[in-house]
Structures are given as structure tokens and as C-alpha cells.
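You will see subunit A twice below: alongside subunit B first, and alongside subunit C after that.
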Partner chain A sequence: MDAAISGNLIDLCVVAMLLLSMLAMTTTRIAQLLNAFAVQSLFLAFLAFVIADSTGHTELFIMGGITFAVKVIGIPWAMRNTAMRLHAGREIDSTMGIPGSLLVSATLIIVAYLVTEPLMATVDTIARNCLAMSMSVILIGLFMMVTRRKAMAEAVGLLIMENGLFLGVMSISYGMPLVVEMGIFFDVLMVAVIVGIFALRINKAFDSIDTSVLRRLKE
Partner chain B sequence: MIEFVLSAAQSVLMIALAPLFAGILKKAKARMQHRNGSSIFQPYRDVAKLLRKNETVSESSSLLFRFIPYVCFGSMVLLSLMTPFFFVDVAAPYGDLISMVYIFTLYRLMMVLGGLEGGSVFGGMGSSREMMMSVLIEPSLLLSLMALAGLTGGSTAVSDIPRELIGMGVIVLAPALVLAASSFFITLLAENSRVPFDNPSTHLELTMVHEGMLVEYSGRGLGLMDLSSMMRLMIFSSMLCTLFFPWGMALTASPFAIFVGLAAIFAKVLFVTLAIALIESYLAKYRLFRLPNLLTASFALSLMAMISLYIL
Partner chain C sequence: MMIDVEIILLIPAAAALLSAVSPKGRAASVSVIGSAAVLIASIPMCIRAFEGTVTEYGMWYVDGLSSLFILIIGMIGVMSAMYSRGYLLRDKEEGEIGTGDIRQYHIMFNLFLATMLSVCVVSSVGVMWIAIEMTTLVSAFLVGFYRRNSALEAAWKYLMICSVGITLGLVGITLVYASSSHILGDDPGALNWPILFEAASGLDPVLIKMAFVFIIIGFGTKMGLVPMHTWLPDAHSQSPTPISAMLSAALLNCALYAILRFQMIAEATVPGFASALMIGFGILSLAVAGAFILISKDIKRMLAYSSIEHMGIITIGFGIGTPLAVFGALFHIIAHSVTKSLVFFSAGNVIQGYGTRDMDSVRGLGKSMPGTAFMLGAGTLAIVGLPPFSVFVGEITILSGAIGAGMYHIALLIAAFIVLVFAGFTRNIFSMMRGEPSGKIKAPRGILRMLPMTVLFLITLFLGLFMPEQMSDALWSIADWFTGAV
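For the complex of A and B:
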């Protein structure tokens, strides 16, 4: 592939991932949120393929394939199942309004850029500009975990953070050793399963998956 | 000399075609909703008829009310002289993107004052809503144009941007361009009171914004206001088609280049018009208090376009 085109494709995928994490901040329904996450993972998998194709790091093909299987299909399917079994959780509560959280996310992007700028000069890879974007995705995922009230949405925030982490790793060192990556994928899968079970248990005990209700445990 | 004639001709063409594209938009919307719809030339007839009629002016309004249609129409004529259409040069190259944004603001200010002039409840509500939206539209509009200027080397002159973009090759995929264009499209819908923001085909609901401000006009004043709002849509669509996606525009005054430029701009503006018609058939008008969400999203998009210029 032409270097200019693959460079543009990489930029476009990364910006799409960032855009989708912003979109996830604005969603009010769990199904939309899971869709945003699935599409974001799709872009991550595609990005892995593009980088693998243009640099010859073939193990990234495997990683992209696993990302596709686990994060685009597996986890959204499992979480959608859980959401259906809970019946509730259609509406997502957030402690902050949509315009406010969008503006905070935009600020987080600027912060991420300022933090990673000195780092970017030290690495020499095809996708090194993605580092600032990956840091922004991580921060936005964290922000989502902080502001959302429902357990499901918080789990998706964690998964978005995880996507950002993969993006960062790809951008500075073309991925981790395969064993480590498999371990992380397994962890993520476990997170999805555990959150599903937890959400069910929380729902049983408190009649809601609103985590702010959990303060009753103190009594 | 030939350049100047061409750029003057393109402004006249833009003004002359504005009602046609408004008619196409209405027709496309009607066809998508399985109605027959009126002819695509109906806006010409409407405007011609209104311009022949006398005005009735509310007793409570002042002299300003009589001037407003002319100021609005004049600012739109000025803007059409400043916007490229099929040829890259413009007839009035003295302004740039920033002055264009503020001529749009002058138009809006006049319309808001006109809404308040008549002293009717509808006009007042329309004006206050328009101002609320205006506060949110302006920063995202300016920022998306700034991002575009940043992408093409920092000049905000309208003719430099298409020239630079055409010379840049595979820049089509550049994130800044895509983000700024999508942000600009959302502000296009907001600024022209299209569907998620306002319903352009209603006079009866309490939800109207743009039509609410026009309630007091009649005859020639109404004709001019209608014509200028069609021209505003036309100018916005050609800004989207020539500044963000200038491919196909005539860079020289050769007959072949002009032919290609005309064909390209017709196809692009038609595409934008059909996209608006699709959105209007597909979406319902948003609740007023949900509008800030969409406009903040547009602002975030243009901000990201700006940031991506630095990061990538």
C-alpha cells in the first residue's frame, strides 16, 4: 500500500476511535453504548491490519483477528444478553449533562496531547502520532467510569480504556508479545463476564444496577 | 478581466439558482414521503408573486422593520459575491471567511430584531430561541472554518483554500477535513433552520423558530425574506462544496474547466440538497432543550478537527 494512503488511513481510524469514545459519552441507552464500543473495536482491529500490512509485523494480524472476535462480537453480545436479562438499564444515568461531558472530554484530549508530546519525539514508529489519541481514549474511558452511575456503563468505560491501551501499545512498539496479549484478552473477557454476573447480583439485591445505591451497604 | 466576468457571473448564477434548489429540496422531501409535491419551480412563482404585492405593517413596529428585508437581502447578495461557486476566484475578494461568518451574524441579528419589532408573541419566542442557538452555532462555525484554514496553510481568504486543497493530493482522507466538514454540515442545518433544529414547513406549531420571526412580514418584505433564506441555504451548501470538497472546480478560465466546474458544482450541491431532504424525512425535530447537545457535538467535532491538526 502507498505510504501516504496508509498514513491517512491510520490517522482516520484513530480519529474515528476517538470520535466513538466521544459518542459513547453522549449515549443515553445501553444498546447504543455497546454499539459504539463494538464499532470502536472494529476500527482498532482494522488499524491493526493496516499497521501489520504496512510494516510487516505479521503478529498484528493475529491480534487484529482476536480483537475482532472478542471485542467486536463476543463482549458486546454477552453484555447485550446481560442487559436484556436485567430488563432495566435502558436509560443510562450520568452525573453530568451531555454538553458538559463533551466539553470535559475535549479538554481531556488537550491534556493528553500536552502530556504525550514530549514522549512522541522519542519513539520512531509509523503510528507514533496515535499516542496522544490513545491517551485521550484512555482518559475519556476513565472519565466515563467516574461519571456514569450504572454498572454496565462503567464496565464499558473500562473496556474503552482497554481499547485506548491497545492503541497506545500499537503506536509505540507494534504490540506486546503474543502471550501477554492473550493474557490481557482473557482478562478483558473475564471482566465482561464478572461484570455481567455482578450486575445481575447487584440487581437482585438492590433492584437496580445504579451503583450510587450501593452506599446503603454502610448502614 | 475574464476572471472577473466569470466570478460575477457565478454570483448571479448562485442567486438565480437558489429558489430552484429550494424547490428541488421540497420536491425530494415530498417524493420521499410518497407525496407528489409542488413543481420544483414553485419557489420562483411564490417569490415573484410576493414581490408584486403590497406590504401590511404592524402599527407597533418602527421604521426599522421596513428596512430589515432590504438589509437581509443585501447581506445575502454580498455573501454570494464572496462565495466561490464553479470558479475559484470571487467577485469581491476583500473579505475572508471570518467576515463571512459575521455577515451571516448580521443577517441573523436583523432577523431577530424584526421578530421583536412586530410585538407579537410568536416573533418574540422565535427571536429568543434563535439567539440561544446562535450563541452555540457561532463558535463551532468559526472553529470549523479555522480548522480548514489551518489545514490549508493558514490563509482565511476564500479563494486560497480551494486552490491549496486541490493541490494537496490524497488529503481527502485527512481527519481534520472530514471532522471540520461534518461539523460544518451540522451548523448548516442549524443555521438554515432545517429539521433537527427547526421545522421549515410549519407556521402553526409553538415550536417554530425561523418562521416565528417571519410571522409579521407580508408582501414584498416576505418575498425578500424568503428569497434571502433560500440564498442562505444555497451559500452554505456551496461553501460546503467549494471550501471543504473543491475537487472539480475551475481553476482557470478555459471553457473545458468551466464546463467541468459547472457539472461538478451542480452534482455536489444536488447531493447536499438530497442529503438534507433525507435527513428531514428521516428525523423528527428535536426538543428545544436537546438542541444544545447536538450543537455541542458539532463544537466538539470542530475542536477535534483543530486538535488533530496539531496531534497528527
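For the complex of A and C:
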């Protein structure tokens, strides 16, 4: 592939991932949120293919494939099923309104650029910009975890953080050793499964997966 | 072919399988035998490591530092497995749990043991990260074991807060890898700790500094450093008591172990930065935990804050970084694990006897349960750092390390907060001893309850009076090696 084209494709994927995490902040329904996550993961998988093709790091093809299977299909499907069983939990409540959330997300992107600035000089891989973008996605995911009140939405926030992390790994070091990446994927999958189990248990115990009911333990 | 490491990982895995298929009521024995077997199997390898022979093959790497943690995990595992048996039987009599729950508990218990051991034996820091995340996933079930609303809440917080923390830790590992793959190229071993450590002086300082910030925040969450500690009192207070002991005495150490590995790398790259951060977090943890111990009402929450306090002291010890301070910190890890499990076990007896965790509603412990009262009293005196117990030796060594390094203000702060903790602890615990017991008290009995407590009591007393030469040699060799690098 032509270097210019692959460079453009990488930029496209990265920007799309960032925009999708912003989109995820604006959704009010769990199904939309899962869609946003799935599409974001799709861009992540595509990014892996593009980088693998343009730099010759062939193990990234495998990573892209696994990302597609696990994050684009597996996890969203499993979580959608769980959400269906929890009839209570279709709406996502947030402690902050959508305009506020977007404003904070925008601030987080600026913060990410400031934080990663000293690192830009030391990293000379194809996608320097990716580092700031990946930090932005991580921070936005974290912000989602903090402000959303439904168990499922908190879990998606965590998964978005992990997407941002994989974006960072790919852009600064073309992926970690394969064993490690496989292990991390397995972990992500387990997190999704266990979160689902606990969401079901919480729903059964409290008749809601609104995590604001989880406020009893304190001094 | 060497299979030393595989054996100590396969034993708990096999024990987990066995407890899944064992006949009714046998699962507890499987755990006891399994964890004892792990401890025994790991001893030869650990002794070799203390003598300076590193076990390194395949994806494994076991040196003196790892061996110390492996032995602690093994020992606490045996003690908790023994104590679990009686504790869960009582819960079953009370109708809180069923036979199936006990089986599930033992499966998870053994898996938990296996994941914690794997943290300490792997060579790649990436795999270490995976192992630490697995400990969270497995132990979340143990924290939420009782399925009460409050236990579910604790498990959920634990799962979420630690997963986020550990994800931030992975950002740090990514940055380390970005820096190391720069030098080492596409070497698949670019995340292996020995290779990283060798290359450490050539790593990029800016990247490593940033990486260590993420790592201490990420793994510090798991270790219970303030201000990332919020999951810890909830999880410790809601889980079954033997699990509280495991969390406090073994799991927090695993996270500490990971931080230490990165501290060594960071210190070789940019001297002083990582240590200063560790001292800062340590002091903060000590201070906040001290304040919360004063106002605690729930006995297990108080013990949880005490774990935060001791993790703070240990972190400061490693942060000071002189051989004496590091020696003290290493010894303090052992002392804290032994003593804290003793206190948790005796607290478990009180909780089951009186049916409450609220310290204000427990009175007359000396009359109703003299054995437990003795252990709880001795354990309290030991954990607040009075002689002749081991925690005292650890604390005084770290203090002298601080003074020896010229950090008088730090020594002063540590001493002041230890006094604060002493006041809080003794006031809360000894008021439970006095008075007349009221209400229906069902004192727990059974040799498997008293045995681990007695053993732990004797160890903490023995180590306070006398330090075996082999142990002191082993700890000094780790401390010298550690500080040689720092």
C-alpha cells in the first residue's frame, strides 16, 4: 500500500475512534452505547490491519482478527443479551447532562495533548498523533465510568478505556509481544463476562442495575 | 527439564479441579492439603534463590525477591485454608450459605492462590499484569461470596476500581515497552524483566518517568495506596474472614511486588524519581489510614485501614532505598502478613461468636471467649508495633533506615502516625475485652481454628525476639541486590 494512503487511513481510524468515544458520551440508551463501542472496535481492528500491512508487522493481523471477533462481535453480543435480560436497564442515567459531558470530554482531549507533549519527541513511529488521541480515548472512557450510573454503562466505559490503550500500544510500539496481547484479550473477555454476572446479581438483589444504589458501605 | 515453577502453579490448579469434583464436605481438606503442598514444593526453589541461584527458564523467572513473596503467599494460603473450614461450616449452620457455596468457595480459593503465585514467578511484566488482573477477577467472586446486598456492592466496587487502576498500570507498561523496544528492537523478550533491567540505564528517562507515574497509580490501586484505596475497606469487610486475611496478607503484597520490579527499573534509568513518589504515597497512606482507624466502628474496616497503614510504611521503606531501610521493609512485609492474618482470624471468631462486626456492641470478650480474646489482644499489641513482636522490629528498622539516610522529617512523621494508630487500635479493641458479655454468644470451637492462630502468634513472637541467621542472610542479600540497583 502507498505510504500516503496508509498514513491517511491510520489518521482516519484514529480520529474515528476518538469521535466514537465522544458519541458514546452522548448516548442515552444501552443499545446505542454498545453500537458505538462495537464500531469503535471495528476501527481499531481496521487500524491493526492497516499498520500490519504498511509496516510488515504481521502479528498485528492476528491482533486485528481477534479484536474483530472479541470486541466487534463477541462482547457487544453478550452484553446486549445481558441488557435484554435486565429489562430495568435500558436507559442510561448519568450524573452529568450531555452538554456538560461533551464539554468535559473536549477538555480531556486538550489535557491529553498537554500530557503527551513531552513524549511526542521521543516516539518516532508512524503515528505520533495517535498517542494523544489514545490518551484522550482512555480519559474519556474513565470519565464515562465515573459519571454513568448503570452497571452496563460503567463496564462499557472500561472497555472504551481498553480500546484507547490498544490504540496507544499499536501506535507507539506496533503491539506488544503476542503472548501478552493474547493474555490481555482473554482478560478483557473475562472482565466482560464477570461484569455481566455481577450486573445480573445486582439486578436480582436490588431490582435495578442503577449503581447509585450501591452507596451503603461507608464509615 | 526443569518443572519447578510449573509444579507450584499446577498444584493449586489441580486442587481447584479436585475441590470441584470431591465428595461432599471434602473440598476444605483438598484446599488445606493443596496449599500445604504448594508451600512445601516451593521451598527448595526458594532456598536456592536466596542462596543466589536464579531459576530462569521458559517464561519463568524466580529470584530472591520473588521467593520471599511466594513463601508468604504459600504460608498465608495454608493458614487461611485451615481457618476457612471451620468458618464456613459455622456459616452453613447459621444457614447463610449452602453446601454448593462451600464447594464454589474452595474452587475460587485455589484459583486465587494460583493467580497470586503466578504474579511472582513470571518473567514478562506483561504477563505479570495479566496475572494481577486475573487475581481481581477471581477474588471478586470471593468478595461477593455472601451475595448480600452489601457484599455485592463491595465486589462491584472492587471489580471496577481495580480494573480501572490496573488498566492505567497497563498504560505504564506500554510506555516502558515503547521505550525498551526502541533499544531492543522487535525482541520478543523486550518485556521480560531481566532483559528490561539490564537495559534500564539506556531507556528513555521521560518515558520511564511517565510510565512509573502510571504504574504506581495503577498497581497502587490494587495495593491500597491512598487515594486509590477506596475499594479496600469495603472488600475486606464484606468478604469471608479467611479471604480478608488473604487479601490483606497476600494480595496487596502481589501488587507491591509489581511496583518494586518497576521501581528497580525506574531507579536505574532516572535515580531518585520513583523513590520520591513512593515515599510521598507512603506517607499519605499512613496519615489517612491513621485517621480512619481512630473513627472506625466496624472491626474489619479498621483492620483494612491498618493494612493500608502498613502498606504505606513498607512503601516508605522501599522509597528510602538504603540497604537498612529496604531490609526493614522486606522484614516488615513478613511481619505484617503474619500478624495481620492472626488479627483477622481472631476478629473472625469474634464476629461469628457475637454475630456483629460493630465493635461497640461487643463486650465481655475476656469472659465469653478467653482463647480468642488472648489472641486478639496479643495480635493487637503486635500489629500496632509493640515489642516483643515482629512488627516492632520491622518498624524500628525502617525508622533507623530513615534516620541513617538523614531523612529525619520522614522518621518523625512515621513515628507520629504509628502513635496515632496505636491510640485508635487499643481504644477500640481493648474496650471489647472488658465488661459483661450480653446476649446469646456462640463461641466458635475447633482445632482447625485455633491451630493457625497459634502458629501465627508463635511466628510473630519468635521473629520479634530472634532473627534466624538464614533469614537475615537471605533478606540482606535481597536488600543489597535491590539497593545496588537503586
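Methods note: the second predicted complex is superposed on the first by the 215 of 219 C-alpha atoms of A that agree within 3 Å, B and C clash if a C-alpha of one lies under 4 Å from a C-alpha of the other, contacts with A are read in each partner's own complex, and residues count from 1 in each chain.
Keep this in mind: contacts are C-beta pairs under 8 Å (C-beta built on N, C-alpha and C of every residue); 3 or more make two chains touch, one makes a residue touch a chain.
Keep in mind that this is a model prediction, so the values were computed, not measured.
Superposition of the two complexes onto subunit A shows subunit B and subunit C fitting side by side, with no clash.
Of the two partner chains placed by the overlay, only subunit C lies in contact with A:L158; subunit B stays clear of it. When the two structures are aligned on the shared chain, A:A4 is found in touch with subunit B, with no touch to subunit C.
In the superposed three-chain model, the partner touching more residues of subunit A is C, compared with the other of subunit B and subunit C. Contacts of A:M96 after superposition: neither subunit B nor subunit C is touched.
In the superposed model, A:V111 lies in contact with neither subunit B nor subunit C. Legend: residue contacts after superposition of the two complexes on their common chain; A:I62 is shown touching neither subunit B nor subunit C.
Between the C-alpha centres of subunit B and subunit C, as seen from that of subunit A in the superposed arrangement, lies an angle of 150 degrees, given as a multiple of 10.
Once chain A of one complex is fitted onto chain A of the other, the partner contacts of A:L189 are absent, as it touches neither subunit B nor subunit C. Contacts of A:S173 after superposition on the shared chain: subunit C is touched, whereas subunit B is not.
The gap separating subunit B from subunit C in the superposed three-chain model is 19 Å, by closest C-alpha atoms.
Shared contact residues on subunit A (touching subunit B in one structure, subunit C in the other): none found. Those residues of subunit C lying in contact with subunit A across their complex are 59, 124, 126-127, 129-130, 133-134, 137, 140-141, 144, 147-150, 152-157, 159-160, 163-164, 167, 170-171, 174-175, 177-179, 181, 186, 188-191, 204, 206-207, 210, 233-234, 237-238, 292, 295-297, 301.
Those residues of subunit B lying in contact with subunit A across their complex are 169-171, 173-175, 178-179, 292-293, 296-297, 299-301, 303-304, 307-308, 310-312. Every residue of subunit A that touches subunit B in the complex is listed here, in rising order: 2, 4-5, 8-9, 11-12, 14-15, 18-19, 22, 26, 98-99, 102-103, 105-106, 109-110, 113, 129, 132-133.
Residues of subunit A that touch subunit C in their complex: 57, 118-119, 122-123, 138, 142, 145, 151, 154, 158, 161-162, 165, 168-169, 172-173, 176-180, 183-184, 186-187, 190-191, 194-195, 198, 201-202, 205-206, 211, 214-217, 219.
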